[in-house]
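Chain naming follows the written order as A, B, C and D, and within any one chain the residues start at number 1.
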Amino acid sequence: MTDTTPLISARGISKNFASIEVLRDVDLDLQRGEIHALLGENGAGKSTFAKILAGVHRPSRGTITLNGQPVDILNPIVAQKLGITLIHQEPISFPDLSVAENLVLGRGDGGWFARVPWSEMTRNARALMDLLGVRIDVTRPMRGLSIADQQMVEIARALASDSRLIIMDEPTAPLTPKEVETLFGIARRLRDEGRTIIFISHRLEEVRALCDRVTIFRDGNKIATDTIGNLTDADIIRLMIGRPLKEFRHKARAEIGDVALKVEGLTLPGVFHDISFEVRKGEIVGLGGLVGAGRTDVARAIFGVAPATSGTVTVAGKGVTITEPAQAIDLGLAFVPEDRAAAGIFRTLSVEENISAAIPKQIAPTGFIRRTVEKALAQESVRKLSIKLASPRQPIGELSGGNQQKAILARWLLTNPSVLILDEPTRGIDIGVKAEFYDMIGDLAASGRAILLISSELPELLALCDRILVMSEGRLTADIPRDQATQETIMSAAVPRTARSGVAA
Amino acid sequence: MSAIQTPATRELPPARPRWQVIVVRPETMTLVLLIAALFGASLLSPYFLDVGYILRSFTLSAEFAIVALVLTMVIIAGEIDLSPAANMALSACLFAFAQQAGVPMPLAIAIGLFAGLVMGAINGIMVIALQIPSIIVTIGTLTLYRGLAQVIAGDKSIRVPDWFIGINTVLIAGIPLTVLIFIVMSIILGVVLSMTIFGRQIYQIGTNEVAARHAGIRSQRIKMSLFLLMGVVSAAAGLMTASRLGSVRYDLGLGGELQMVLMAMLGGTYIFGGRGTILGTFLAAWLLVIVSTGMTVANVPPSVQLVVQGVLLIVSIIATNFIYSRTQR
Amino acid sequence: MLKKTLLAGLAIGVAMVTTAYAADPIKIVYIGKNTGNPYFDSITGGFEDACKSLGCEFEFVAPATAEATSQIPFIEAQIQRGVNVIAIAPNSPDALNQVLDGAKAKGILVLTVNGDLVGNETHRDATILPVDFTKTGPNQVELMGSMIGYKGDIAILSATTEAPDQNTWIAAMNDTLKNDAKYKDMHLVATVYGDDQPEKSTTEMEALLSNYPNLVGVIAPTTVGIAAAAQVIQSRNLAATVHVTGLGLPSEMRDFVKDGTVSAFQLWSPYNEGWLAAHFAVGVIGGTIKNEVGGTFDVPNLGTITIADKNAMNTQAELTTFDAKNIDDFDF
Amino acid sequence: MTALRNILLRREAGILVMIILFCLAVGTQKPQFLTLDSLRIILLLTPLILIGAMGQMLVVVARHVDLSIGSMLGFSAMVTGMMFKFHPEIWWPVGFLVSIGTGALLGLINGLLVTLFRLPAIIVTLGTLNLYRGLTYIVSNAKQIDRQYVPTALKSMSQTSPIFGIPWIIFISFGVALLTYIFVMHTRVGRQIFALGSNPVAAPLRGVAVTRVTLLVFSISGALSGLAGILYAGRWGFVNPSNTGSGFEFQVIAAVVIGGVSINGGVGTVLGTILGVLLLGCVAAALPLLGIPGTTQSAIYGAVILIALLIDRTVRQQGIKSLTRARA
């Protein structure tokens, strides 16, 4: 038979976003009946490649053949018809439609005015949910489902679609180990039925447990494809980051001083509970955990974006109540938010205006803006942080992600903060610039500032932090000193407790 | 660290030439249209080109134009207010009703202005505290405010005292007082918007409110003050209209919201917020007056004027969107 | 290039302004309440025919809506155009005072036609009304009485609560019913207002029938109201028990008269209003007519017209009654 | 039965309770309000609004709004009326095709402006509200279509009845509601409208042809305005370039918002919308009966819209709360 013909054969796939090449000449064959892992750092191009296969993006160059036939995957509908389903990283749902409807929406059968077979749909949905072992009433709307349940619906949808290729983009992030085990069982069964699965994950142990082959991406290039057994963890990490891990370790040790920020019993019902910790001057405290563990919510509460309902915050020894960010800034706090586009930059405004946004009193003591002062401050920041730009008057949206992030950091440095909260500061940033950031963070601590660093990248936490706090399901589960911190200690604290007891049993 | 090379040499797009930044702006489009309209109107009717007449005609729209300046700021801040024309009517009715009931004039004027402030506050609270989209809130309050004006005044018109009549006929250096107020307001608000931190923060809120909040900008406070300003200025415009007409009826300023939105849109204010200038609205106000005056004096039927206004509105947003998408990403 | 053309345009414009003022034929403009109002087509017809025979220029303009201030830019524009006569059906009794004064100051003859500035008569030169409005009320009551045998409960369905003409007529109806022994068995039980909107007029009519089961007649002295009232009667098949009359346009009422829903209604000739107004204006400007109270002049087809109190004049003495016999003779 | 359905059910039940309470309150003052006769009056007041509300519901569910429906109604009615006037030889039911087709075309233009140029519907339809009204004056030369030109058969649709003395026009409006129900609940594209409004970003990823669905929704809104247009001509016996349909949008939007269609898209039911229309009809019918002047009607509408918004807001907040609870 044609078993040797790959299911999918991609040749020379490249993709540009606004003159930036995020994927370069990628060749990849996917066999029938394999689970194929895509590995790489954030921004390495693995998600982009997956999205091209699923018709979300169209390649700038390159060809894709399916079963030896060249295909043009115009859009997600075409992909669906070709039997390719993508499970998105963030579950996509229609909150006002029922679970059952969410499961079938987008299946290409029937015309516009085809009947909606409600009872059959509900029956099938129930069967699928039973298969996945998820107890959800399929007639209720998606709104109100937990992220994990939404993710399970997403997975069920892919199963129901009867696809030849199922792409799972970090599907396990919000799931409990038990759910992960169910998912893996199903994935293996699908493989045995002859289907192909692309599995994108950061967790090497999961990749090892599940996948047959791996492909490693770095900076938009495909670096290697091999059977999983042929590679050690160290090999994989080396291929992913292009250098040994150790180099990142931040060396500048700062004097650790008085407590700069202290949090006690901070609670926002339903989001996080009883969070207590302190950060000292010159100290970098990491805050790790799974996505959705409530880390960002704690930071937002401290900074007054979405205040907690109970608990105390002490800044430099004084108890404070912060109900909005302006107060936090006056107290010497600074917060670089996780989602740069949504909460950081003013895309269409100039770099200058972006840098000076948090210091109205400095640039306009009388209410009128002093352009010369603003210009001088901006130029100094640009020089200090070596922000690459054509002109400080250029809209910040025209800069690369790393330089945008530098400008945001510059904004906060101008407030001369004593406490800096950095939420995923290096997400979506080039590896070179990332290194610069690590240096800067080290220098900031060395200058006596207290830093709370939220990160999902374990190497980043391990490299930079003096202490690592871990959150799970809205609670602090560990406070690990630098010398005891390993990927394992952090992960074991990050995994939800309910699940851990399940594993133990 | 220097040992690590970024494999992709990511080039920065070159900065745009300065002339392009200046020329490719919606205000330029407005100015060109303004000149074209002047030219067209003078071709359309020989009676048009008369500065006195154009100024007199402007007084008929001056109240709307004044409110449109504030509306521009509201839209830049990412909100909209469709209720100011109804606010004008209700404030003016309350004022006229009070003075007719024997309340001393200064107090009656204060009542009118205060009513405007309250109406602005209601809009602001529903939008900011209750987080209902401003467009829907103000469609509701537009109906309510005008309805209340009708409840208060019925269908009858209430006279105002003779000495209060005729703000539009007071000439200062040959310019009607209301037009002068419009010009002065344009300068003041233009300075506020472009040169003060308050104005700067309006743009920042409109560009990205979440980011603005994170940067310590008190967006709710700023938006509330804009709604309040909107309320007071609308009320003042209502009183000016009362003075111009000499009487007040519930239908005062009916349909004015479209005129105001049109002025802001034609001036290049971006409907999604974050962009726009007072200068643009200033020019657009003149453009609209000249277009409608030119057509009226040429006896072009009002039906054609409705069509022209509708087309202008749609074309202006398309053009504005296009210019912004081309010049700024 | 552009500049040159612009300058040329300016020059031509200025030249035309100066010549226009010197132009000979009298220019009359009639500003209606709003466009699309069929009533004004008929008035305009009278103006047009009169101007054709008198050799003056005529134009009709009207704003899109009948809102109080919407006529102001039109008046301003006509002043600017240098017309000699502005005839207007005012949308507001007082909001136009300032701008009309401006017109008078420029020497323009300002007439109100088919509606007056009640209480602000000094801001116009004269008014042309179709009939002596003091007679409208009694005429309507008499017509109603003749339809119901001068006995029973009746109601009035009017336009808006503040419409001056309507209120004059309603007051006169009340007066007639109270003081004339002929009508002692007719009881006016309600006066309601439909705001000249078909929907509102219909609900008010329905409410009348519901609230007053003994009702035998409804007078609707407004064109929208009478059509709405007739329609309610027609759809409920009540033509035999509830009689509807009032003021209506033959073109709108023809069907109801023919199918017996409405046996008779009244109006005047809007055409004659335009005809009279044009003749009066030309006469005043030509010096053949003196615009003073008590003066008289002759108008073809209308006979001798007397200028009454407050410089008011009428085209006819009594209302015309339309019924199945004569309705086809009228085409407005 | 699930949480949100319960809320929605409560919502519809809530409107029903409001209607009943209102009617009883009016009934204590005017017992004749509680008769079949006044039900007939209320039903005859609402058919056009009901038809318009079905179209508007779809538009709002898709996270847009259509302010131009009154002008589309006026334009379609005018075009149809002119056909009746100048071509009386044409069989009158053809008028339905003409009116609905004209409306659909105008709606399509709205949809094209919204989709092609990615403009907010509210501004586009504010523009076309004027544009279409102006065009109505132009095509009609500002002349009204008088009663005598409107076919008698059409006029009698709001009077004669096929059954139980209920006029045709009421059957037509409820027929439209029934079709809308089948459309939104039992066709794929109907569900796609809800998906689009529920999550516009995700919709294209799930194979919703956003452009075509949006065009369809605006076209339906236009077509139903057209249907309301010809029925207007029959109901009132004339078509006027300035009055016909003006202010229609406010009544319809009020009914839709009161009926629980969420302004944030994705939520709305035919039943709720019908109840919203009926509530407005009850208010409109009760005011003259109680002798309350018509001048208060607009204020009452405004207040009712704002109250409905507040209720909508409260329901939405409960939804958010239940979401955070579920995450905990």
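Quick note on the criterion: contacts are C-beta pairs under 8 Å (C-beta built on N, C-alpha and C of every residue); 3 or more make two chains touch, one makes a residue touch a chain.
These figures come from a predicted structure and were not determined experimentally.
S.K.: So which chains count as neighbours of both subunit A and subunit D?
M.R.: B
S.K.: Report back the single chain whose CA centre is most distant from the CA centre of subunit A.
M.R.: The most distant chain relative to subunit A turns out to be C.
S.K.: If you average the Cα atoms of subunit A and of subunit C to get two centres, how far apart are those centres in Å?
M.R.: That pair's centroid distance is 74 Å.
S.K.: Approximately how many whole Å separate the CA-defined centres of subunit C and subunit D?
M.R.: Here the centre of subunit D sits 35 Å away from the centre of subunit C.
S.K.: Distance between subunit A and subunit B based on Cα centroids, please, to the nearest Å.
M.R.: It comes to 43 Å between the two C-alpha centres.
S.K.: Please set out, as single numbers or ranges, the residues of subunit C touching at least two other chains.
M.R.: If we look for residues of subunit C contacting two or more partner chains, we find 35, 62, 64-65, 161, 195.
S.K.: Residue numbers in subunit A touching 2 or more other chains?
M.R.: Correct list: empty.
S.K.: Of all the residues in subunit D, which ones touch at least 2 other chains?
M.R.: 133-134, 137, 142, 241, 293, 295, 297
S.K.: So which chains actually touch one another? I want all the pairs, not just one.
M.R.: By the stated definition, chains touch in these pairs: A-B, A-D, B-C, B-D, C-D.
S.K.: Would you tell me which residues of subunit B are touching subunit A in their complex?
M.R.: 1, 4-8, 10-16, 195-198, 200-201, 203-204, 207-208, 210-218, 274-275, 324, 328-329
S.K.: Write out the stretch or stretches of subunit C touching subunit B in their complex.
M.R.: Its residues touching subunit B are 5-6, 9-10, 12-17, 20, 35, 59, 61-65, 67-69, 72-74, 76-77, 80-82, 92-95, 97-98, 160-163, 195.
S.K.: Would you tell me which residues of subunit D are touching subunit A in their complex?
M.R.: Per the stated touch rule, the residues are 2-5, 185-192, 194-195, 197-199, 202-209, 265-267, 319, 322-328.
S.K.: Spell out the part of subunit A that touches subunit D in their complex, as residue ranges.
M.R.: Residues 56, 75-77, 80, 88, 92-98, 101, 105-108, 110-116, 118, 137, 139-141, 143-147, 149, 269-271, 292, 474.
S.K.: Residue numbers of subunit B touching subunit C in their complex, please.
M.R.: 39, 42-43, 45-50, 53, 56-57, 60, 154-157, 159, 165-166, 169, 241, 244-247, 249, 251-252, 254-255, 292-293, 296-297, 299, 301-303, 305-306
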